[in-house]
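Chain IDs A, B, C, D and E follow the sequence of writing; residue 1 opens each chain.
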Amino acid sequence: QDMDEVVLQLKWVTQAQFAGYYVAEDQGFYEDENLDVTIKPGGPDIAPEQVIAGGGADVIVTWMAAGLAARERGVPLVNIAQPFATGGLQLTCLKETGVESPEDFPGRTLGVWFFGNEYPFYAWMAQLGIDTDGADEDGVTVLKQAFNVDPLLQGQADCISTMTYNEYGQILDAGYTEEELVNFNYLEEGVGMLEDGLYVLEEDLEDEAFRDRMERFVRASMKGWKWAEENPEEAAQIVVDNDMTGAQTLDHQVYMMGEVAKLTEGSDGSLDEADYRQTVETLLSAISEENPAITEEPEGAWTHDITDEALGGES
Amino acid sequence: MTPVVSAHALDLTFQTTDGAVHALKDVSLDIGAGEFVSFIGPSGCGKTTFLRCVAGLETPTGGTLAVNGMSADAARRARAYGYVFQAAGLYPWRTIGGNIRLPLEIMGFSEDEKARRVRETLELVDLAGFEKKYPWQLSGGMQQRASIARALSFDAGILLMDEPFGALDEIVRDRLNEELLALWARTGKTMLFVTHSIPEAVYLSTKIVVMSPRPGRISDVIESPLPKERPLDIRDSREFIEIAHRVREGLRAGMEAA
Amino acid sequence: MGLVMLALLLWALGWAANAALANGPARGTAAARLAVPLIFGATLLGMWELVVRGLEVPLVILPAPSVIAETFAARTGTLWEDFVQTFLKGALSGYAIGCVAAFAVAIVADRFDFLRRGLLPVGNFMAALPIVGTAPILVMWFGFDWESKAAVVVVMVFFPMLVNTVAGLADTGAMQRDLMRTYGASYLQTLVKLRLPAAMPFVFNGLKISTTLALIGAIVAEFFGSPIRGVGFRISTSVGQLALDMVWAEIAVAALAGTLFYGAIAAIEKRVTFWHPSHRS
Amino acid sequence: MTRAAPIAAQGAGVGRSGRVALRAKGMAHTLLPVMTVLAAILALWYLACIPMNAGQSVLTAARADVAVSPESASDRRGMSGLALALRNPGVAVAGAYGQDRARLPAPHQVAAELWAGTVGEPVSSNRSLIWHGWVTMSATLLGFVFGTALGVLLAIGIVHSRVMDMSVMPWAIVSQTVPIIAIAPMIIVVLYSVGIQGIVPKAVISAYLSFFPVVVGMVTGLRSPGSMQLDLLATYGASRLQVLTKLRLPASMPYLFASLKIGIAASLIGAIVGELPTGASAGLGARLLAGSYYGQTEQIWAALFAAAILAALSVGLLGALERALLGRMGMR
Amino acid sequence: MTPVVSAHALDLTFQTTDGAVHALKDVSLDIGAGEFVSFIGPSGCGKTTFLRCVAGLETPTGGTLAVNGMSADAARRARAYGYVFQAAGLYPWRTIGGNIRLPLEIMGFSEDEKARRVRETLELVDLAGFEKKYPWQLSGGMQQRASIARALSFDAGILLMDEPFGALDEIVRDRLNEELLALWARTGKTMLFVTHSIPEAVYLSTKIVVMSPRPGRISDVIESPLPKERPLDIRDSREFIEIAHRVREGLRAGMEAA
């Protein structure tokens, strides 16, 4: 009979960060669940929250800060699953610049990703009491970093944002060694926020058929993730095959898969409530003009219903 | 016989940004069928404007004007005349044949009829064999002949010509003048012909209308006593020189009065 | 639906008003010339408002003009800061450097025919290039602040300006040049008294084309790294924050700046090339 | 507002130089100077590689325990490439031309990348520049057709209706001062969210950029027939439609082509800009962006050159079409 | 007295993409100081080319040419002549005064001298009061007078004029012809004057050079017996008509031979 259609909007370009979904598609896990899944890659200027609000997707991958922010702006997103148990976002500095700890930040130039990724950074700076205007010696100069590592290599910034599974690897590729670098992991600094989760619109969840589709989708996706964790080389190859730009190299995707696996390892797909609380508290602790993510405690921003149903039978 | 063109107390004022221009004032003139009438006068005296009124391209602000017994606009829509402009103004993207076919297409002649008329008028102006050529492949004089052919092709009874030979050199002009006279003799059309050149006006016309400017008006109308048959060197004859002199005097008087 | 019908009605009304103005007795006046496009613009804005409200388009897809205007009024400080960063620092400095450099090169190229013949086809080729693509490279080379934006603008405006200026310097009639020769004029005299004045319409054409290019260049470059201010920065950040009202406020700033910039150059052009047929009244 | 000469001034030049190249005499006249200029550019490029890539050259050398000055990495930080190259000339020259992620790849590296992307890959491969070029070009062409059609229709309306002339024309100018790059992501996302994706959103942006030169050129072109030519048709009692088809349209052809050449270049920019927000899809813009994400400068340069070649080809093609058509129409 | 212009067996061939054009062939001519010489002939017979050779703007491919006893190029650099082109060719960004000042600026006259000469030449051509106007604000005839003033301002002994009145209408032309004669009488300059019009050539000249085309050559040189004093209606006199007839015959003969 006809397969049920699901459109998934990713938050970024095709890479091993989303290996689980590509694997599930490639290995027929979706088909097994009678799903016809379309995976739409994202890009630097595609906000998945906007796409789902316009009806361009059924389910999206996004970071929780952005998801909650969208919820406050009238796009009622609900987290239905959280394949990433921890996050990979970090600030990477060159030792040769003399940055060893957060005390060294004042007077420095720090590269930050915006487009909804800036929330954890501002929360951290608020916690450290560091001014982000860059005007005086007590503050830092913030640089809107493109999604690459050039500012560090070209000496334009002292620290830049990296993902453990991508940009960090690129810095290593460029010839720097781990010893020459200092990493500040947001989770360890206590301002971590949940990264790639699956979100849908609240009103859609009222529809029984939709919930059923999502249960099957989440189940198959998690199966994909676990397969990817166990077969990183093959998973990387699947990702490369799905990349339309032809720019990805297998080497880099294998590296990325290895690192991503560390983030998904602990997760069975269901959201950890404590992690959710930390995310919300961090966000609420640092509300400012630059950081308007959320201004009040969100209600009903997540549910275990889907994962419970999806994973109940299996585990 | 009723006149082909009958203007009575014609008046035309243009409203421009820096004031009104009185282009025609109290112009009255009757032109009979088969006449060859030249209009001569200094720049800005309203020659073109008068011709455009007759063609229904300009609306007089006063007086009455009848062409073939109807209003000028009705005559235009009835395709009562052919108009030849100062420059040949052939469309460069059409061949000579195509240019002559243009009015026929617009007036909806049949294919056969179009072909026949193009052929005939090309012969009439001595351009047979040039049908497939483009305008820029022809000399200025030939282009001007083609534009006359274009005005003749749909065989209107009146031919309005606004300085058709103004841009040509004297020698070519002489020849075209001769040919125009021959054509007029053959077809018996009524001709309204604007020119700046006194010899040209005298050589061609049965009637010369001398105009003067500011406001544009008729200062003299001279009936030519020259015979219909006019070889080119009639221009060195006594009579010719006398008429030319009278025209020149009329022009000068008009200038001084203004 | 009612509001959408109202939008259609508004359109009909606006059009009718304009038709009356444009064909009525006031048609030639400066007032009509100003009023007609303004009414047209207002009609479009009104329709936008009504359609957005009528169809209940989500704020995160397309905000209504009234919402945008509110944001504009509330955030003028930020908008001004972004304007200074992107327009005054990035676009304008790049525009000035690029245009002056192109002008100087054009004069040198014009002096040495060999260079002109070599440079002109290359310049023509470069002018047709999608130079926006150099933005990531130039940001890598010149850093993230306004210098790299200016660099992108320099590259974008240089070739159109060069090609136009060279064409303008060559756009003197043979007769005009011969006249100078009959006076036994020197190269410099011919340049100053004939070729430069004659080139002005082309130079200004280059300057006008360059205004829009400058703005595009400066904003594009901000997408590849910037300080935390600037029109391009704010737009991309605000999209990420789903603050579409702010995005449109920035777009309004850019359009306003661009229109004023273009208008200013056009006004100067009118004064400098008053003698050109297209400017004589 | 805008004159005819300017239209020919911008972009049209590629066609112009193409025409020159056709004539044997013009060839010698132009070829040598152009070659000289290109050679000078190449030489400068090679030279520039040395200081531009000095930072990386010195870093690599230092890691291989070659003596460099200054010795410590923190001292080197903040030094310009030129200063580094001057203090370590041997190292800088030796390291300038073979780097993986060079700040400025050498011409032969770019050429090799172009070669690998075109000849070295099957056309169907997602690593083939020909395939990416085609993806971009198809959006460009579609947008170009939309834009041209819209431009011509608007121009016809403007020429025939005073209301349109007075109300639409100023806004058409304003529309071009709106930085398309700012709206591009929204056009993409809005269309994306209503399920239109792929070629159409890019084509919309292309059309947005290309309609303007066409409007300006066609308005000038449709108005180019002198009052005499218009009067001529009035003496035949021709209708407005006949005036349009028999006079205005044919007379506007040279203007149309001048605009088309600018329009296609603008279209290409539009398609590339349209590919930037959706970095993951195919196309030269996506290649450009992907190159930037992974520090593959050669890839950026190769995509840039591929785009340049496409621009040159399409403008040249239009020029050839122009010569053929206008030649047949007897207008050249 | 040595001639001001002395051409001997002058030859000029243009190399064009479609073959060589023999623009001047074996042209020999002497022009004495204070003469008024007209050049007449059909289009393409080399009138302009000859004038440009005299002006040093074109280099003959054969023969010898001396102007004021030196080479044409040296004469050009010595500012031996003023040149008036067919179209007025005033620079539109300069006022009438500014246009007349142009050669004076280039030749480095003092401020006082410039002001004086501009004033004087403007009076000479009857344009006093128009100094501050721009060219396009003047009629064609006035523009042409301004361009003559420009050529007169630095007071060279020779005036070269290439169809200066070609674009004007007959009546304006008549008046300018009269004025030109008066100016010539007053200043005693040597005039070389190209025209298409037979009456104009006859009316103005002491010597008429008739040329014919393909290749461009002199087919006749006619010395005019008309007195120096010439009212406009001398043109209706017997002598005038005779010379005009001879010129016309010369032209026709040249055409037929070609």
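Quick note on the criterion: a contact is a pair of C-beta atoms (placed from the backbone, for glycine too) under 8 Å apart; a residue touches a chain by one contact, two chains touch by 3 or more.
Please read these numbers as outputs of a predicted model, since none were measured by experiment.
Steps from subunit B to subunit C, taking the shortest chain of touch contacts, total 2.
Path length between subunit A and subunit D in the chain contact graph, taken as the least number of steps between touching chains: 1. Across the two interfaces under comparison, C-E and C-D, the one joined by more C-beta contacts turns out to be C-D.
Each chain gets one centre point, the mean of its Cα atoms, and the points for subunit A and subunit B are 84 Å apart.
The mean-CA centres of subunit B and subunit D are about 53 angstrom from one another, to the nearest whole unit.
Distance between subunit A and subunit C, defined via averaged C-alpha coordinates, is recorded as 38 Å.
In subunit B, there is no position where the chain touches two or more neighbouring chains simultaneously.
Looking at subunit D, one finds that residues 103, 185, 189-190, 193, 276, 289, 291-292 touch two or more other chains.
Taken residue by residue, subunit A touches two or more other chains at 44-45, 47, 50, 53-54, 146, 150, 154, whereas all remaining positions touch fewer. Here the touching chains pair up as A-C, A-D, B-D, B-E, C-D, C-E. By the touch rule above, subunit E contacts subunit C in their complex via residues 52, 55-57, 76-79, 81-83, 85, 87, 89, 91-93, 102-103, 105-107, 134, 136. Taken in their complex, subunit D has these residues touching subunit B: 226, 228-229, 231-238, 242, 246-247, 250-251, 253, 329-331. Those residues of subunit B whose C-beta lies close enough to touch subunit E in the complex are 42-43, 169-171, 196-198, 236, 241, 244-245, 248, 251, 255. By the touch criterion stated above, subunit A contacts subunit D in their complex at residues 10, 12-14, 40-47, 50-57, 96-98, 146-150, 153-155, 170, 173-175, 180, 243-249, 252.
Within the complex formed with subunit A, the residues of subunit C that make contact are 58-61, 136, 139-141, 143-144, 222-228, 233, 236-237, 239-243.
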